[in-house]
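Below are two complexes that have subunit A in common, paired first with subunit B and then with subunit C.
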Partner chain A sequence: MAIITLNPIQKPSLLLEADNIKPDVFAGKSLDEIKALHVFMGTDQLTLGEFFEVSGDSGATAADTKIVIDGDISRVKYIGMKMTAGEVVVNGSTDMYAGAWMQGGKLTVNGDVDAFSGLAMTGGELIVNGNAGNYLGAAYRGDWRGMRGGVIRVSGNGGSDIGTFMRGGEIIIGGDVDVHVGTHAEGGKIVVKGDAKSRVGGQMVKGEIYVFGDIEVMMPGYQYRKDVDLEVDGVSGRFALYEGDMGERHPKKKGVTIYGQLYMKY
Partner chain B sequence: MSKIVTDVVCPFCGTLCDDLEVSLSDDGKEILEVYNACAIGAAKFLHAQASDRITRPRRRQEDGTWKDISYDEAVDYTAKMFAESKKPLMYGWSSTNCEAQGVGSELGEVVGAVMDNTATVCHGSTLIAVQDVGVPGCTLGEIKNRADRVVFWGCNPAHAHPRHMSRYSIFPRGFFTGKGAKSRKMVVVDPRCTDTAKTADIHLQLEQGRDYELLSAIRVAFRGEKLPDVVAGIPKEKIYEVADTLKEGRFSVIFFGMGVTHSLGKNHNIDIAIAVTRDLNDYTKAAIMPMRGHYNVTGSGQVWGWQFGFPFCVDLTRGFARYNPGETSANDLLMRDEVDSFFSLGSDPGAHFPNESVKKIANLPSVCIDPHITPTTAVCKVHVPVAFVGIEVGGCAYRMDNVPIETRKVVDPPEGMLTDEEFLKKVLDRVREIKEA
Partner chain C sequence: MAEFLVKNGFVYDPVLGINGDMVDVAVRNGKMVDASDVGTNATVIDAKGMTVMAAGVDIHAHIAGPKVNVGRNFRPEDKLFNATPGKGVMRMGGGHSVPTVLRTAYTYAKMGYGFALEAAMPPLLARHTHEEMRDTPIIDEGALPVFGNNWFVLEYLKNNEIENTAAYIAWLLRMTKGFGIKNVNPGGTEAWGWGLNCETIHDVVPYFDITPAQIIKGLIEANEYLGLPHCMHMHGNSLGQPGNYGITLETLKLAEGYKPKGDFGRDQVLHNTHLQFHSYGGESYTSKGFASASKEIMNYVNSVDNITFDTGIVTLDETTTMTADGPFEHHLSHMNNLKWVNSDVELETAAGIVPFIYGKNTFIAVAQWAVGVELALMAKDPMRCFITTDAPNAGPLYRYPRVWKWLMSLKARDALLEDAKYGDKVRNACYIGELDKEISLYELAMMTRAGCAKALGLSHMFGSLKPGLEGDVVVYPYNPETADDPELIEQAFGNAHTLIKGGEQIVKDGEIVSNGNKRTFWVNCKTNENAQVQHDISEKFKKYYTVTENNYGVSAHHYTPNPYVIEVDATK
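The block that comes next holds the complex of A and B.
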């Protein structure tokens, strides 16, 4: 796999919109062509070369291309947005929309990501070795289709509104989360290994949420069903199964009503 | 004998009362008294007459004092500020008419600004929820004539919209509500015992920040499912009772305000309140309405909705409209140092924004267009006073139920003063001159 390395050389005065930093665009391009790719800062259209030192080679296809960003890009948006294949590694933190609308490949951030990361993702892998901001794997504003596939794995804490309108895929949070987990979910799986505050599974139609720690305030529309023994993301244990949200509409399958499932670890 | 101007529209809150009468001096130049208005509305009319009113633009000097400048100098400063900015923020747009909002939109497009209105710290979360799940709405006239179940959730019209209850929602005798307040059941949901709550038939004094749980519990109750003994501090028997009360009405309406739009959960609270309204329509007729604050914040959403497709938080920097509250919202932009100049018209962010944002405004090139001296003018570099819309110039405004009402001019502005629209047109012309040069 050919590796291209980007080193930040200038901190943007406003936030930088770099929707071109992904293997799909870099593949098959020379270093000069990559340096000439556009970035936006407000109304100004600038080039990637003004903000990054570019070295290495690009592969022939996106799948053969790996991008390594060495340094802090916490004021750069859209890293790996809409990527379909290949790999991006960020050795630092990024701003909003990391891996948003991602369809394939692997994006690893060895730092924090800000809000709207993994937004409406349909495939691929987003690994965050740090904390994530709000709206992780949620739907874009006004869309009823949130995350539909792929995996998001965060080692630290998550923010609020994780997996809003989620319809598929998997989100695993190593730490705690803020309010609203899986609101409006119609599928998918969310695992929270730490504690959750409140509004877990509100307005949920179907899907699964696993919480290893405590939930400060339960939604009133969840009813206890039974205890089950499960292995979740490599952790075995006994879980209490709740079903809901009883206030929301629910589909029927073979005459049986399907509810959202909330598993709480003992 | 004084001259009376009738059917005057009040440019204060989203209720947009259109039955005011204003008595003028014989020469028609001075407002003497305002009839039918609430205390806030009347004060706004009379304040336009204040003897210490600022009538010319001012620019802040190095030592912090103000120096009077001409309108042309103010236009030049504003136009140059926009031309030199990479990402200007144009905020406010709520206490002005739709005509000025239209010119402002054109200016925003030319300079590549981010445009945000007061909804961002008010009912913006409502707009997000409406986009997510839709909204069953109606007009205030329908409520006056039909509503027999009225819910005020997280709002206090007794103080914030003083004539709302008497003109539309509780006391008036409508076509099917002939007994006025006696034909209506009033439910108030508020953690505080407000003056609105004191007049209610049922007051649900819930725990602060638990609106989402309580709304969800009402939906569970509609479906006849089991509830925990207590939700949000309210016993389940009470929740079932309220659910039945709403179901049994001929027409239920939910009004809501800042108590739900800007407490924990924000748009999700409105989202589920809309879901409650939708559920109620399985049993009876029901509608939901935001208690919009500024008299024409609704119009601002209407104008931008028509111009750009989005009602607030519109980012025009790349030449097309983008929208994502949380990223393109005024406070996020300011706090994250994403903008390099600030323009305010028809609002008072100095008073409404968090201190962190106001500090950022103080450090940016900034212009404030406002007839009054406000906390915003105190942190801006240039203050441009203008004529009062609805008092000294007419124009279109939208009521909280999205009904457009043409406001009326009552008196002339002080000599030589510009209106919002005239000032913006001059800035637009000057910006075009600079860009062409």
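The block that comes next holds the complex of A and C.
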């Protein structure tokens, strides 16, 4: 796999919008062509080369291309947005929308990501070795088509509004999360290994949520069904299964009503 | 002002009887003139190998006002990855089904339109509607206030007080700077305030003790009492319900015996809008239970001469439905479980908004598409059938050229049915398979401009290239002699080569080069003093309205900086 390395050389005075930083765009391009790619800062259109030192080689296709960003890009948005293949590794933190609308490939952030990361993603892997901001794997504002596929794995804590309108895929949070988990979900799987605050699975129609720690305030629309022994993301244990949200409509499959499922580990 | 001479194009003007002949078309001081009346300094536009028509006239679209704006606000995803930055005189625009006002204007200009009628203005929120129309450049616009669930109208018509109804309508048109009478789900929207609906024209409206049939007839009579430019503009009861065609036929038959009055040259007393949604047979939305009733409807429409309609053709897109038919939107929100807006406008009307996806791979959406297309293909008189998508209800505004492609090309229709998952089932349940008619450019000119202008009472201004009319001319890059691929229709009619309007060139070589000089059309109808109605108005404001009469009207210059007032004298 060919590797392109980006080294930040200038901290943008405003947030930088860099949706061009993805294997799909870099593949098949020379270093000069990559440096000439546009980025936006406010209403100004500038070039990638003004903010990054670019070295290495790009592969012929996105799948053959790996982008490594060495340094802090905590003021750069849209890293890996809409990427379909290949790999991006950020050795630092990123701003909002990392891996948003991602369709394939792998994006690893060895740091934190800000809000809206993995937004409405349909495939691929987003690995965050740090904390994530709000609206991780959620739907775009207003949209009812949230995350539909792929995996988001966060080793640290998550923010609020994780997996809003989720319809598929998997989100695994190593630490704690804030309010609103899987709101309006119609599928998919969310695992919270730490504690959750409140409004977990509110208005969930379908899907699964697993919480290993405590839920501070439980939604009133969930009913206890039974205890089950499960292995979830490599951890075995006994879980209490709740179904809900009873305040929401629920589809029927072969005469059986399908509910959202909330598993709480003992 | 500038002079223009459009030369060498294939001209289509049904009013003048020009059917594709190569005729020179001239504009001077914003008016059509004889080609010999412009001087040598006239800007010459070479339309060789292209189609020339009068600018389009849209008789029904939802393009400005509170519900359009609520649609914008609650659908940010409608603008996702779909905004265009400003360029030259063009400002930034965005949105598919609920575009910004600027994109609406540019879309109309690129499709060669010069006039559009906002189809439903809640009177209480007329100020907002006018602010949006003011901010929509280029195209001339008017707006129809809604009357079919208005408490004044319901109370007067219950006692068959036509003169009082008419006096109130004239007052409201002045107050709201409105263009005519819109009638949405008569009685049903008021019943929605009780959680009910009027599903037939004989259901009694709660409290008011009046039926939709009485409201419809009463509004036709009041319209003709005043002699307004346009007729009563009807969105009937039970829109979108399988088997509703019987209710539609009953509604249309209420117009029997009425003749148009006034000086505006229209022939109809009832315009049934988005007839597609009202022409369903069967009893469900499934392929086994649904049937098109376009033939039953068109057999009747073709047999009379005092009804016009527009199609409301489904474009098979993701869109945003919005209507003053509150109970219908509730029904829709429970079909697709997406977000829903429900809103009441005190004493006057209500509204609902729901995003909707007409999926190409569902049976019902393609069947709805077929019903709309059938209506246009079965219409015997193209001067009484107008092509719309009830934008954005059956499809976004910018899809008009695609609709024209379907109507003008059997090949395009067959390709769509071939591609659709349930194409064969749609052929079985609808009449689409029996129809091989292709609309000609001459007929298209009637269905998108000449006929619409006449039905709106604006044939003295729009719809033709006749000397003396407004100098609104469009040139489409479409060569009727050589074009064989239906895709060229969609391409050409969505990207006008030239649009001349208001004395200046708006579109030049396919680019928008001017924001024009848009006008707001409204009808100033003078009636005799009516002490009863004046008394009722001040009572209602004192008792019920949350605003005062002084804060109600669209009075300041700010709302209509460039008005075009149509004077009507109903004092005699």
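Throughout what follows, the second predicted complex is superposed on the first by the 266 of 266 C-alpha atoms of A that agree within 3 Å, B and C clash if a C-alpha of one lies under 4 Å from a C-alpha of the other, contacts with A are read in each partner's own complex, and residues count from 1 in each chain.
Everything below uses one rule, namely that a contact is a pair of C-beta atoms (placed from the backbone, for glycine too) under 8 Å apart; a residue touches a chain by one contact, two chains touch by 3 or more.
Quick caveat: nothing in here was measured; it's all calculated off a predicted structure.
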Combined model on subunit A where subunit B meets subunit C, clash or fit:
clash
With both complexes superposed on chain A, which partner does A:Asn110 reach: first (subunit B), second (subunit C), both or neither?
neither
Taking the superposition as given, does A:Trp144 touch the first partner, subunit B, the second, subunit C, both, or neither?
both
When the two structures are laid over each other on chain A, which of subunit B and subunit C touches more residues of subunit A?
B
Per the contact definition in the header, classify A:Met246: touching subunit B only (first), subunit C only (second), both, or neither.
first
Of the stretches 253-261, 289-297 or 343-351, which one of subunit C hits subunit B?
343-351
Please report the subunit A residues shared by its interface with subunit B and its interface with subunit C.
140-142, 144
How about subunit A: which of its residues touch subunit B in the complex?
13-15, 17, 40-44, 96, 115-116, 134-135, 140-142, 144, 179-180, 183-184, 198-199, 202-203, 217-221, 223, 245-248
Complex contacts: residues of subunit A adjacent to subunit C
140-144, 249
Touching subunit A in the complex, subunit C uses residues 74-78, 80, 337-339
Sites on subunit B touched by subunit A in the complex:
85-87, 111-112, 128, 131-132, 210, 212-213, 216-220, 222-223, 225-228, 231, 264-265, 268, 271-272, 275, 279, 317-318, 323-327, 336-340
